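Take a look at the structures listed below.
The two complexes that follow have chain A in common; it is paired with chain B in the first and with chain C in the second.
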Partner chain A sequence: MSRTVEFDVHHVTRVEGHGNIKVRVKNGTVDEVRWLVPEAPRFFEAMVRGRSWEDIQTVVSRICGICSVTHSLASIKAVEAALGVEISRQTDRLRILAHYGEQVESHVLHVGYLVAPDLLGQKSVVPLVTSHPEVVQTVIALHKLGNHMMEVLAGRKTHPIRLKPGGFAKLPTEAELRDLKARLQAAVPQLEALAEVILSLAGELPDFRRETEYIALVNPPHYPFYHGQIGSTDTDERVPVAEFERVVNEYVSPQSTAKWTRWHRDAYGVGALARFNLNAEHLAPLATKVAASFGLEKGCTNPYLNNVAQLVEVVHVVERSMGIVDELLEAGIRPEKPHVEPRAGVGVGCVEAPRGILFHKYEFDERGRCLAANICIPTNQNHANIQKDFEALLPEILDEEEDAIRLKMEMLVRAYDPCISCSTHYLDVEFV
Partner chain B sequence: MRKPRIGIFDFACCEGCQLQIVNLEEEILDLLGVVTPVEWREAMSDQAEKGESFDIALVEGSITREEDAERLREIRARAKFLIALGACATIGGVNKLKNNFGMNDVKETVYGEAADMPHLETMPTKALHEVVQVDYMVHGCPIEAAELAHVVRTLLAGKTPTLPAYPVCVECKLKENACRFEFGEICLGPITRAGCGARCPSEGSWCFGCRGLVDDPNTQAAREVMAHYGKTIDDLRGKMLLFNSK
Partner chain C sequence: MVAAIAVLGLGSPLMTDEGIGIRILEALERRADLPEDVELVDLGTGGLRIVHEAAGRRKLVVVDCARMGEPPGTIRRFTPEEVRSRKVTLRWSLHEGDVLANLELARRLGTCPEEVVLLGIQPERVAPGLELTATLAARLEEYVGWVLAELRPAEKAGPERA
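And then the complex of A and B:
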């Protein structure tokens, strides 16, 4: 075939942050296919130097508006590890609940507002308001639930105020928790309805597979977002989070200016699909049922199904949240104040962001001033994997119309839900 | 009557302020009844035609590269009203923490040996008004969604919205919060512009100044508060760096 295709998608839309796709096909062969990220780097690791342990969360929460609870928790866990701070079970449970709230908010936003338009052949959620009002109402209701959880537990929808090293600046009341339980229960039928809609459209998701390594937290018998060790589909080895640097292996490729990550292969994937591939047997009952209805099974290698895995996870965290609220109410909320004594030390904090595993590491002097930081975000870890997917996908779809090719590549980027503004260290990528 | 056309643009930031627009939830549907969004990369695939004009440009984020300054000037030229959205845009916010270090130092700290690559070029962070004329500022990190809705409605009605000229302490005292200084903490409430309803002290934490300083901060009163609680002006400066670095 002597086909020539050339296009640049400048600033892929409906993703967080800026990313470009560059495609050059001459006479039926791929000359060039690149995933470019021109987002302005913000240098957080340099900026936190000199700041007090008690101000780190306030700063690094601003790495990303859509996963601010996650960045806050990763940094708080790192500070606690460095300063030797113990927390209560109540604090632990409340944090997990706030973190679940963010998974709901972020995944629903992504699947409902950013991906659903692709499946319904629209360019944004705006036309869906008139064409599919009931879908939009369900999405709004679930999105509000996630936001509500963060408001009640963390003190604000975006950029938490109550989350502190050592505990909570303010605790939720038992009445608020009872109200939350009722809202979670009410969400179950809405989730079932949303799953049904997405299931009816799942045929629109391209059938593309590529084997890769998947990395996520593991902590049997849980499907973990907050505690655990680093697991991989390529090995049975489980790595303590404090040793994350030997997993992520950040490197600057000679052909590229981006810091990429690799462990057993030249790329690995993180996010909902990675978590599912490592932990699916530990999903809550309804989530297990929803996964089965899509035919989603462990070992899935279709990156477009990350969106389905996100939906399954929303169901899972809503189910688990009800259990946590019950446990908290049974024990009763005890008044507690965080207490931290600064000291010198180094600590790592790791949690699963909606988009995948996230690591924060800080070093403090004896007054608790930050000396150095290393933050490794999920989108950076997916970057090389997106490129490898592009290289495998493009030759398979070369026969299609240019618009279809473009759409499939954009959908692939959106499937990863990249959160490019998180880019604590991104470069403009030029890879050939 | 033609519906006013709105464009939403972002520069270096966390996109949390745009998220507050999504967080208006059902209220967005009402807003869509009165305005037409013509460009919003994060939510829509449609893009405005080159050179197309807007009634209102909502701009989030800080300026950290010359190419971004150029894009901002171009947006300014097309917009009747340009509104800065959130601390990154209004005061530079956390992005200005970078300005306390040399630009080569921050690049080397993050990228090591790769620091010299041209794509990494960065300049000291600027708020929008340091590059173009800004018609209105919606402060906060993140913005208060209700405040933004109010500002847009007021501007569309041909009126000028006003900013509170008093400090956060005023709102905090109205809420009868326990003062954070009583807990040995340093709170920037006495010198920070109000408008958030003293959110942080109401949630059990100190104000870190995300809405910027009041126009005429009563520095003498701040000194007295610090002295009263046995803190120094240096302690206060350390906290002010977070969102109000130069």
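And then the complex of A and C:
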């Protein structure tokens, strides 16, 4: 074959924080295929140094516009581990509910606003409003449910103000929880409708497979987002989250200023597909049924199916949320105030962000001032895996049109939904 | 029922002047004289929520950091129709935000009110940092005045002190 293909896909931007795809193919041979990513925002670690344990959540909740509850919870768990704080079962349940709200919002937005247009042959969600109004309305309704869960549980929707070390600054009322239960129930048929639409389009997802290592929290018999140990598809060993540094093995890649990670291989994947591959047998009944309808099974090695795993997870967390609300209502909401005494210590907090496993680690002095911080985000853990996917994918699709190659590579990046451009967003306008 | 007017603050307060929309919102929260039927909404950088926050309103006031080719600290009032976005988004990730595109989505969904006003503030510096630059910090009350002017039904746009 004598194909020559060259393209770069990148942002025109003045701010760092975006990824580029670089492809050079000469005479049918791949000369270069690279996933180039500048620094993801590590400067947050410097920002929290010197601050009190009480202020950490406020800062880190702003790291990401999508995953503010997740970053809040990881930081709170780390602070509690460092300061030896015990929390009530009520607090634990309410946090998991808030966290489920974020999974719903993020996954629904991702599948509905980013992936569905690809599958329907559109450039964005905007034309879908006219061409497929019922799909868009379903996505909007489910997005609203996720928002509502976070508002009721965490306070201000994007930047939670009620989640605190030790407990909640303000508790939801039982009336709010009863209303939430009704909304969750009403979402079930909407989820079934969305699953049906995506299933009818799933043939558009490229059939590409590459074996890799998958890493996620495990906590049998649960499908965990909040509790558990670190598990891998390459080993039966389960690692306590406090020892996460021997799993992530951060290193500096020459093609990126972001730190990359590896454990048993040269790359590993995190996110919905990783969680599914480690925990699928613990999914709730309807989620299990949805996964089966797509033929999604443990051991799946097609990264594009991360989007299907996200859909399965939305169903799962809605089902589990109803059970948690029932448990809370049965016990009744008891008033309680967080109580924390500062002390010297080191703590790690780990939760599953929608995009994959997330670690926060802090060290405090005896007054509770932060001496050191380490935040290891899922997007950085996926970079090496995206690179390895590119290296395997490109030779397989070289005989396709350049536009098709480009689309498949962009869809692959989208499948991971990397957090690469979130720290700034400002308007950039010219007057007309 | 939702409040008739929403003030939507956007930005990241971890990136110096990029967080001006949130800083203005915080300053408004401290005011005792906010008119009734006004809700302050912190959108952070999660812009798609605008689709829900726009619904059922009579007016939106969007407060945001904006590159407009003006001297740092300049505030300008405009409507979505008066500007063209220069942002290039690849749709790779939910983390890209373009408030104008999201407003357009809300408009197509029928959730966007007719009256949408943007107040853009030209940044001096967009880089990691928790504080505004002195240039913008010194004018914070003036910016708050521009927002308050949008909330008064009888008056047209313009700063409170003008």
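Simple rule for what comes next: the second predicted complex is superposed on the first by the 403 of 432 C-alpha atoms of A that agree within 3 Å, B and C clash if a C-alpha of one lies under 4 Å from a C-alpha of the other, contacts with A are read in each partner's own complex, and residues count from 1 in each chain.
Going forward, a residue touches a chain if its C-beta (ideal position, glycine included) is under 8 Å from a C-beta of that chain, and two chains touch if they have at least 3 such contacts.
The model shown is predicted, which means the values in this text are computed figures rather than measured ones.
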Regarding the shared-chain residue A:K164, is it in contact with chain B (first), chain C (second), both, or neither? first
Looking at A:I397 after the superposition, I want to know if it touches chain B, chain C, both of them or none. Which is it: first, second, both, neither? neither
Determine, under the contact definition given at the top, whether A:V413 touches first (chain B), second (chain C), both, or neither. second
State whether A:V30 touches chain B only (first), chain C only (second), both chains, or neither. neither
First (chain B), second (chain C), both or neither touched by A:L329: neither
Taking the superposition on A as described, I'd like to know which of chain B and chain C A:L201 touches: first, second, both or neither. neither
Chain B versus chain C as contact partner of A:L109, first or second or both or neither: both
Intersection of chain A residues contacting chain B with those contacting chain C? 11, 13, 15, 41, 43, 46-47, 59, 62-66, 68, 109, 113-114, 117, 123-126, 129, 140, 143-144, 147, 156-159, 421-422, 424-425, 427-428, 430
What does chain A use to touch chain B in their complex? 11, 13-18, 38-43, 45-52, 55, 58-59, 62-66, 68, 109, 113-114, 117, 123-126, 129, 140, 143-144, 147, 155-159, 161-162, 164, 168-170, 252, 257, 259, 421-422, 424-425, 427-428, 430
Residue ranges of chain B touching chain A (in the complex, touch as defined): 10-20, 22-23, 25-26, 29, 32, 37, 40-47, 64-65, 68, 93-95, 97-98, 100-101, 105-107, 109-111, 113-114, 117, 119-120, 122, 141-142, 199-200, 203-205, 208, 238-239, 241-242
How about chain C: which of its residues touch chain A in the complex? 10-15, 18, 42-49, 51-52, 64-69, 78, 82-101, 104-105, 108-109, 118, 120, 123, 126, 128, 130
In their complex, what parts of chain A are in touch with chain C? 9, 11-13, 15, 19, 41, 43-44, 46-47, 59, 62-66, 68, 106, 109-110, 113-114, 117, 123-126, 129-130, 136, 140, 143-144, 147, 156-159, 410, 413-414, 417-432
